[in-house]
Every structure is written in structure tokens, then in C-alpha cells.
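Here chain A shows up in two complexes: once beside chain B, once beside chain C.
And now, the complex of A and B:
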């Protein structure tokens, strides 16, 4: 986790947050550093984490996690982390005969419109309160990286929204946990993606949006991060709070600064 | 240019230029580099037979007379590539030094585009070909899903080669470990049975993207690197183009000046087109090694294929014998105003032109560039 981002978001691993959906969004840049932040944040907070990794392999997250001070292998061994490595299981599912019960990624094999029920069942199984052993009082967390890939694999935007809805009902409402999901914003090119993004934006409590700079590529400022706090359940006239920072990604951390105040410029 | 080359386990997408002239050239360089480095090739095409493609590969330069000129940059490059060893577990599996027909302390080889690869070299090469019209006749073993038949057969073929030859680590090779270079040509074109280039709302709209996803899964879990060329300018649905790019690790776009309105501009005199590095992966890392220079153009002059930043356009041509601009390669390798060149080959007669070096796009050995 990045200490500067924790300060900006006003969170520490010790604070308890319940029932929140955080939406990570990246437009014209790579927002995966946010995923690494939240993964290491929740692991350090001793929460039970279920990570659905659709774009990268386990070793990728593990190596970056070690730079940030968490060991995914150790967390997985002691049962704190349930990791679904979709790249590997997609190959297995594709080349093997289907088995009962359906695998989480079974929709890859289906010719018709896919539904994500097996994936939801997997998540539910992973995050259900454990019986005996280590009793962690911390709420469980579901992380998904990233949801836009599901659209490329034949799942409709509505099906993905349904999946998120079911997960929220279980993880956020029932288990009082949190959810973090990354969605890639491709501008106006992808209508289904826009549908998914706007649907999720309305449901989320916190939106972190990483954007490329409007002026183009810069070596010292890698992008801009917009933080938006929302209250989706209260349609009051209170304005949602929003902040904008620019950031530079370094080897083991990310530094944030106010717009135009990059250390390279000052 | 692409942050140190093409990493093992990743997929590089080349967005074809309009008439598929230069993307085919880059594709051939990738394959030729594989042959010269002793890697196994897997060539898939729906348009021409893989054996025919291999016959047309450019000839490598095996002459060592230019080694002295490039040696300086070579020894700067080797520590740099060690520093940038990001895929740590793969690095352990790959030999540090290449034992091949060419003395190989260099990071990349040079090619002559006017000559074909010598027959002896081709015969020693290990390659597997996938020519779609041949393979379509046999029935598929998997029930229909939303992949087209052609893609399904190709995936099965790739998986069988990977497991048969042990690239997925299934049996420990006693001999020197090799890498499988997968090259797929014109993916997404109607010849593959995909109508993504024909209509905007196509029937099998998820075929290409699902194929790419499973391909990436296969490549990630094996000692292989994949280069695919896709005619993205033909894909009608912009959403699919965006998804295809998002699903690949590295994306390079080629835009040639042939037939475009830029033909009359000043750029066209010296260059044949632009090359856009659209995406570079961040592998096992928070950051990637991005080049400072984003405007790059390429030209194919006689036998030389060069890539240069466009900023040089306004500057005068360097005199022969002038030293390379910018400092030597630092640890990150990409500081300063360097002239980028994929120096493929230089005829002995042109030795007076000081073309400075040289970051080949495709380089072999551990950091499979």
C-alpha cells in the first residue's frame, strides 16, 4: 500500500470500513497500481481477501506485493487470500471436458450468452465466515481485476452488473465487507463498457479514477488521480467530495502531489 | 523502444499498416531472429503456407567485421539488460549466453532485406507451421463455443506444441532450453473465418477477443513469446479494436504513408511511415520502462530498415563519422536524445555512413526482445 494514498483517502489498515464498494477506473493509462495498493492494504489489515485476477498471473501480483511488503504466497497458505488465477484456469477449462460442479470460469466454453453464477458461487464460498481456527474479526474483501475483460469474453454488461449486485448483497450487506473493482474506461469507443462503468459509478462509495495527462506524455508526472467520495444511498443535496492529484509511480511506491506541483517542476 | 524488448510470456500486437507491407517485414524479422538464435518457431497463417513465409525471411548478417563498431554499445547493453530482468523466474531458466551459429554477445542480429535466408540455416531450424486451409479439413475435438473453428484449431495446435516440446516445463530438457516463438499473421482477417472486419455487428463478436485471452494464458504459462499482426484498420467495430489492444501486452502500430494524405508532406521524403508504441506492459513491476521519445518514424532504404524519432527531421543530416548523439545507455537505457535505429543490415559499400546504433526491436536470448 502507498502511505501517501492512505493519507489522501484518510484510511489506515486499522480503521474498519463496512459495506463499501470502491470503483477503480483507468482511462488512457494503466491503473493497476491502485489494485496493488488495495491488495496490500487489505492483506496488511488482516482481512480475508478473495482476489479474482483476470488479467495477470499470480507471480506478477506476488512480486509487486513483495515490494510493497506483503507476501501473497504466505497469505494464500494461511488461508487469508483466495486467489483465482483466471489466465491459468481459462486454459484448463478450454482444453478439458466440463466437470460438475461448474467451474468459476465455465462461461468461456459456452456458446450462448454467458452468466456469471459459477463465479459468484466461487466468491461466496471463498468469503464465507470460517469455522474455528483463526477468527479474524475483520470484514472480508472482494477484489476484481478487471471487469472490462469479462466483456471481451462474451459476458454482457448486464450480466456483469448482476454479478456485482449479487456480490454486493453478499459481501457488503450480509458479511459487512468491502469490494474493490477495476474497470477500464476506453472513452466513447466501447458502449457496453460505458454502460458497465456508469452502472457501477452509481453504486460505489468511492471512485478512484486514474487518467493520463491531458497534455500528453510526461516523464515526471505519470498521470492524474481523481478521488470522488459518494453517498449512493442518500440522495441528498450534499455535494460529493472530490479531489484531484497528480502522481508519479516509482519502483516501490507512488508519490502524489497537487496539480502542477511536481517536484520536477518546482 | 519497447522498454527492452519482447519479454518471454507476453504477446506483442502489431497493428498492420494499410497494405500490410511493413508489418509483414517486422513479422519476418521476428521469425528470422528466432532462426538465427536457435529458437523453435511456430508460424500460423491463413493466407500463405508457413514454409513459403520462411523461405522469404531476410538473410542475417554473419560477418563479424562490424562487431567492433557495435561492441561499445554491446557492453553497455548487457549490464542494462541484467538490471531490467523483470521476469525473474524465467530468467533462471534461460541460458545467459547463446550457443549458436553466430557469436552472440550481441543483443540482436542484423539482416539484409534484399537477400533471402540461406537454405542451410533454414534446414537446421526447428519450426512448426499452421496453415489454416490444411487444418480445417479435420474435425474439431471440442464442442462449439463462441470461437470460430479456425481459432479453435489454432489454439489446440499451439497447446499441443507447447506440451509436446516441453515449453511449459512439463519435462525438464537436458539440452539448452529454448524458447518458442509464435507468429500469427493477419489475425482477425476474414481468412480466419472471422467476420469482425466485415461488419460492425458481427455474429462471432467475441471470437477474436476470447482467442486472444486464452492465447495469452497459454503464452504466460510457457516459455514462449508471441507476435501477432492484426489488420485493425479493417475492424469495423471500434470497441473490438479497443478490447483487442487492451488484451495484448505490448501494442505497436504502424502507419505507412503509402496512399495517405501525408504522402505530400515533408515527412514522406525521408520516411515511409510512422510507428506508434501504444502500450507497454508493466511486468512484475509497478512501472515500465518507457522511452522518452514518442514520435517515431521508420524507413526502408534499399536494405536498411530504420526507426528514428521525428524530431530529427528538422535537424540537418549528421555528417559521416559524427559521434552518436546523446550519452551512452544508462541503467534505464533510454535517457537523452538518442537516435533509435533498428539496424537490420548495412551493405559493406555504405560503411562510410555513420549510422549509429541501435536498439533492435527484436533481440534474442534471455530478454527475448
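And now, the complex of A and C:
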């Protein structure tokens, strides 16, 4: 986790809010550093984590996690982390006969518009309160990287929204846990993606949007992060709902600074 | 007009966006409705009952009936607990309610219904809902409050719902201040527009306000500049009389006037006062032939 981002979001591993959906989105840049932040953040907070990894392999997240001070291998072995490695599991879906109950990625085989019930069932099973153990005292967390890939795999935007809806009902409302999901913003090119992004934005409590700089690539400033707090518990909390910072990604951390105040240009 | 929305009756559309969300205003209007003694039925598809009831005191909560279609709207759990027919079935059941008391129906949200059911079905159900009150014969009115997320729908469904609605409230605002643009369609009258600035207090009461402070209002239409840019210039913008005369009497270098003609004619027999001295160096290639010889002009 990145301590500077924790400061901006006003959170620490001990005091994270419960029952919240955090939406990560990136436009013209790579926002996966936010996924790594939240993965290491919740593992350090000793929460039970279910990670649906649709774009990268386990070893990729493990290597980055080690730089941030967490070991995914150890977390998986002690039962704190349930990792769905879609890149590996998808091969099994195609080359094995379908079994009952349906596999989480069963939608890959279906020709018509599918729903994500088996994936939801997998998440529900992974995060249901277990039989004791210190990890179950903290609220569970679901991370998804990323949802735009599901659209590319033939799932409709409404089906993905339904999947997130059910996950919210179970993870956030019933189990008082948190959810983090990444969606790419393709601009105005993809209507289904826009529908997914808008629909998720309306369901989210916190939106972190990583954008490339409007002026292009820069060696010292890699992008801009916009933070939007929504659905505050107090309706009067309208002030300071939106903040914008610029950032630079380094080997083991990300540094944030106010717009135009990069240390490289001061 | 914002406070009297419910008295006007009919379908009230609350259009919100990601930046300006409308659920707090929906809850504030529900509170107003309960204070008038009405019972409120909420079709809850987007948030849990606990989250929706947060902030309401017990009086309000007693008058709010929350139809929970958030936990299992599509019957994925197959436990039989889900409402038969899903959210649309629940909405149709509301059409058949024969409660003689005035009721308000709050739809949270219409967007959820539009994403899962055809627009025509939703519009027909809303039409039935609105008219069932007037058809009951006992004069009870049914107010319908529908929360709609603008970005999720195309112009077709938005237009269809606009036509059905008696009142449309579009949420917006500037930094820190929320506004509601109200469009009221009275039957047989021209539609009226009003913009109302408001804020919602912690107990979900509506606090109507005047516009935001002037300095934070974005006014692109003012052409009068606050500072006169003609002060402290390093050059003259105007000419004095003498300068104007001098300028007018100036002869331009390439203007061929009669004086210039005479000067040229006089100077011809005389030698030019300037000479051009040219020393060709080693690399110059002086060709005595005329390069234009082969032209036929």
C-alpha cells in the first residue's frame, strides 16, 4: 500500500470503512497501481480477501505485492486470500467437459448472453464467514481486476452490473465488507463500457480516477488522480467531495503532489 | 416550488448524475410526504433497506414501507424469498393497492427498471400507477417519485419518461451548492421552469436558499471588462492634430507621384551616386551567355 494515498483518502489499515464500494477507473493511462495498493492494504489489515484476477497471473501480483510488503503466497496458504486466476482457469473451461455445479468462468463457454451467477456463487462461497480463525473477525473484501475485460469476453454490461449488484448485496450489505473494482474508461468509443462505468459510478461510495496528463507523456509526472467521495452518510457533507492530485510511480511507492507542484519542476 | 412538488401530484422525475446524486433529495421529499400524513411505499432496488432508512427518525420509518428488491431482485438465490415477478411484479402489485389513504410511491430507481425491462413496459406500468388513483373513485391521489440516473439511458427512454412526467427535477449545482431545475407541465398550459438552490439538512429537511454568492457564479455573458486596459500603455492610441497632418503628408516610398517622376527624370543623365563594386572570387562561375536565350518570348 502507498502511505501517501492512505493520507489522501484518510484511511489506515486499522480504520477502514465498512460496507463501501470503491470504483477505480483509468483513462488513457494504467490504473493498476491502485489495484496493487488496495490488495496490499487489505491484506495488511488482516481482512479476508477474495481477488478475482482476470487480466494478470498470480505471480505478477505476487511480485508487486512483495515490493509493497505482502506475500500473496503466504496469505493464500493461511486462507486469508482466495485467488481466482482467470488466465489459468479459463484453459480448464475450454478443454474439460462442463461439470455441475457450474465453474465460476462458465460464461466463457456460453454462446448467448450469459449471466455471472456462477462467479457470484464463487465469491459468496469464498467470503462466507468461516469456522473461527483470526482472519474472520475483520470484514471481508472483494477485489476485481478488471471488469472491462468481461465486456470484451461477451458478457453484457447489464449482466456485469447485476453481478456487482449481487456482490454488493452480499459483501457490503450482508457481510459489512468492502469491494474494489477496476474499470477502464475508453472515452466515448464503447457504449457498453460507458454504461458499465456510469452504472458503477452511481453505485460507488468512492471513485478514484487515474487520468493521463492532457499534455501528454511526462517523465516526472505520470498522471493525475481524481478522488470523488459519493453517498456520504451525512447529506450535508458536500464540501471537499472532490480532490485532484498528480502522481509519479516509483519502484516501491507512488508519490502524490498537488497539481503543478511536482518536486521535479519546483 | 420544490416544497410543493408533492401537492401538485402525478409522476415526479428526479434526474440525477454521478456528480449530483438525487437519493438525498428523494429521501427529503419522502420525509415531507410522511409529515403530511401519507404512507410511502418505496420500491428499493439499489440500496439496502438499512441504508435507505438511515437518517429517518422512527415516526418517518413507521410510515415508510420498504419493498426490498435489493437483496435478490433476479431470484438468484432460488430460496423462494424473492418477490414473485421481481421488481416489475412488485410495481404492478402497487397498482392494485386499494388503500383509501393518499399514498406516495418512491421508485429507487427507475434506471434499474429501465435497464432490466423494456421501456414500453415500464412506461405502461407507470401510466397505470398514476391513473389508478384517479380511477379509484374516492379522490385519493397517488404521487409517484422516480429516481432516474441520466447518464445510463439514451434520448429515447429519457424522452418517453419526460412525456409521462408532470414534473421533472434535474439536479445540478456549482461548487458546494446544489440546485434543482424544475420543469412543471401543467395540463393545457405552457410548461414553467424554475431553478431552486437548496441544501439538505442532516435530518433530511429541505433548506431552500437563494442563489450562490455572486463571485462564485460562472457568468460567461458579461462583456464589460472590470479594468480599463487603455491605461498605462507604452504607446499612443490616438494621434494629435500635428501628428495626423505629418502622417497625411508623408509620401510612401513606392508611391509613384509626379514629383517622384520628375526627380527620376532629372537624375538620369547624372551618374548614380552609389556604385556596386564586385570582385569575383575563385569559385564564381561567370558565364557570359545569357541564360534566357532559349526562351521564345
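Everything below uses one rule, namely that the second predicted complex is superposed on the first by the 252 of 266 C-alpha atoms of A that agree within 3 Å, B and C clash if a C-alpha of one lies under 4 Å from a C-alpha of the other, contacts with A are read in each partner's own complex, and residues count from 1 in each chain.
Keep in mind that, in the parts below, a contact is a pair of C-beta atoms (placed from the backbone, for glycine too) under 8 Å apart; a residue touches a chain by one contact, two chains touch by 3 or more.
All values reported here derive from a predicted model rather than from experimental measurement.
Contact-wise, after the overlay, does A:227 reach chain B, chain C, both or neither (first, second, both, neither)?
Once the two structures are laid over each other on A, A:227 reaches no partner at all.
Have a look at where A:161 lands relative to chain B and chain C in the superposition and call it first, second, both or neither.
The answer is second: A:161 touches chain C but not chain B.
I'd like to know which partner A:57 touches here: chain B for first, chain C for second, both or neither.
First partner only, chain B.
Quick check for you: in the superposed arrangement, does A:251 touch first (chain B), second (chain C), both or neither?
Only chain B; A:251 stays clear of chain C.
Quick one: is A:27 in contact with chain B, with chain C, with both, or with neither? Answer first, second, both or neither.
Neither partner.
Once chain A of both complexes is superposed, is A:192 in touch with chain B (first), chain C (second), both, or neither?
first
Is A:9 touching the first partner chain B, the second partner chain C, both, or neither of them?
A:9: touches no partner chain.
By residue count, is chain A touched more by chain B or by chain C?
B
Would you mind listing the overlap between the chain B footprint and the chain C footprint on chain A?
Common to the two interfaces on chain A: nothing.
Can you tell me which positions in chain A touch chain B when the two form their complex?
Residues of chain A touching chain B: 30, 32-33, 36, 57, 59-60, 63-64, 67, 86-88, 90-91, 94-95, 108-111, 148-149, 151-154, 184, 186-187, 189-193, 216-217, 219, 249-252, 254.
Within the complex, which stretch of chain B touches chain A?
Residues 88-89, 142-146, 155-156, 159, 206, 209-210, 212-214, 216-218, 220-221, 238-239, 241-243, 246-247, 282-287, 290, 292, 294.
Could you please specify the touching residues of chain A with respect to chain C in the complex?
19, 115, 117, 120, 158, 161-162, 165-166, 169, 173-174, 194-195, 198-199, 201-203, 207, 228, 230-231, 233-236, 238-239
Using the touch definition from the top, list the residues of chain C that touch chain A in their complex.
18-19, 21, 23-24, 27-28, 46, 48, 50-51, 54-55, 70-74, 76, 111, 115-116, 149, 151-152, 176-178, 199-202, 204
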